[in-house]
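The letters A, B, C, D and E name the chains in turn, as written, and every chain counts its residues from 1.
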Amino acid sequence: MILAKVVGTVVCSSKNDGMEGSRYLLVEKTDQHGVKKGDYLVALDILGAGYDELVMVTEGSPSRETPLTVNKPCDALVVGIVDQVDENERVIYRK
Amino acid sequence: MILAKVVGTVVCSSKNDGMEGSRYLLVEKTDQHGVKKGDYLVALDILGAGYDELVMVTEGSPSRETPLTVNKPCDALVVGIVDQVDENERVIYRK
Amino acid sequence: MILAKVVGTVVCSSKNDGMEGSRYLLVEKTDQHGVKKGDYLVALDILGAGYDELVMVTEGSPSRETPLTVNKPCDALVVGIVDQVDENERVIYRK
Amino acid sequence: MILAKVVGTVVCSSKNDGMEGSRYLLVEKTDQHGVKKGDYLVALDILGAGYDELVMVTEGSPSRETPLTVNKPCDALVVGIVDQVDENERVIYRK
Amino acid sequence: MILAKVVGTVVCSSKNDGMEGSRYLLVEKTDQHGVKKGDYLVALDILGAGYDELVMVTEGSPSRETPLTVNKPCDALVVGIVDQVDENERVIYRK
């Protein structure tokens, strides 16, 4: 999984994802400290992540492995809202 | 998912994709503003995306997760035509 | 999908791909004009693509989605022989 | 698979991975000598890998192929704790 | 598929790959001539590839598509031992 921050949203009226009300977030990849890297992707969100939150994103086929995304053409999913990151036994990020 | 603009088409008469009339688009990756990056791929389109439209593309296995692409050897699919992108609570792209 | 030109073949006598007579092509990635990029991969071919032909290659799991490749350990497949590529409403490649 | 060292943990209270008590590790990719490369990812751990251990990580869909991760939205899994690496017939890493 | 040379082995006593006696090889990616590139990965081997042999490696989900690797958390598999590579109608590698 990768870490990313929610920076915006992407709205498509014409789509074929088989989901009503799906919410696509524009997320910017970050390092483990939550520092943005300038590299963006669009991830489906079913957790209700908010603007500027640090999230954990699953890419590829495993994105389909939740009850709401099963058999959906989604290749990036927010699977967690990050509370804390530890590195070398120190807290380096806290929500 | 990634954002890309439709810049052309790719036509194959000899193919083994198991689909009649499949339409392959040449798309150029863009940033979230719709600015082209010079990086291209070929994506299957079943939405009818038009020339120069900003689209959302799913890559890999999840591309097969629509009624028309199930069990097809497709690794990139247009899943949405983008209407609007917001970043930092401002509209940065509108169709 | 990506575009590539057939530049050679790879022969393995000892293999565990579960296929008899499978034909592996050495292909070189190209841009949309068919200009080679110096980046190579090995793709399974069941279409009979010939030397120097421009082909469309599917990567990853979707390569298994043809009657001949189902349940085979193949991660790159020639899915089409390209006849024509259009960009910005002009023909930029013709077979 | 890739080699990586365990450098920390990522904690998410709000998540939709369908697992209770799942443990996410921050791992840093290494070369075959165990030397860190400055490139990080988050991997699910069900083996109990400890801080600074060299581990083998599977990426993508195959991460779901253990009894505990089947049908889970996980794209990176610790599949082994490395005891020894040999290169050119010499031991280059030992736990 | 990619080409790589067998340069060593990786041994894990604690693992959760669901296989007894699985053999993980350290392989170094090569170009089509068999020239090493300095880029390494760990691949499962069920063919018995030997030290310094040129092999063809399948990555991602398709690695699971052999009788021995089905439903295993393996993302790279040796699927062939290369006998010969031709490029531009000349033999450029022979075992």
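We take it that contacts are C-beta pairs under 8 Å (C-beta built on N, C-alpha and C of every residue); 3 or more make two chains touch, one makes a residue touch a chain.
This one's a predicted model, so the numbers in the text were calculated from it and none came from an experiment.
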Proportion of interface numbers common to chain B and chain C (over half same, under half different): different
Chain A and chain B: spacing of chain centres that average the CA atoms, whole Å: 20
Whole-Å separation of chain centres (CA-atom averages), chain B against chain D: 33
Set of chain D residues in contact with two or more other chains: 60-61, 63-64
Chain contact topology (line, ring, star, complete or other): ring
Chain order, ring traversed from chain A with chain D following: A, D, E, C, B
Of all residues in chain C, those that touch chain B in their complex: 1-3, 31-32, 46-47, 56, 58-66, 69, 77, 79-89, 92
Interfacial residue positions of chain E with respect to chain D in the complex: 7-18, 24, 26, 40-44, 51, 60-61, 63-64, 71-76
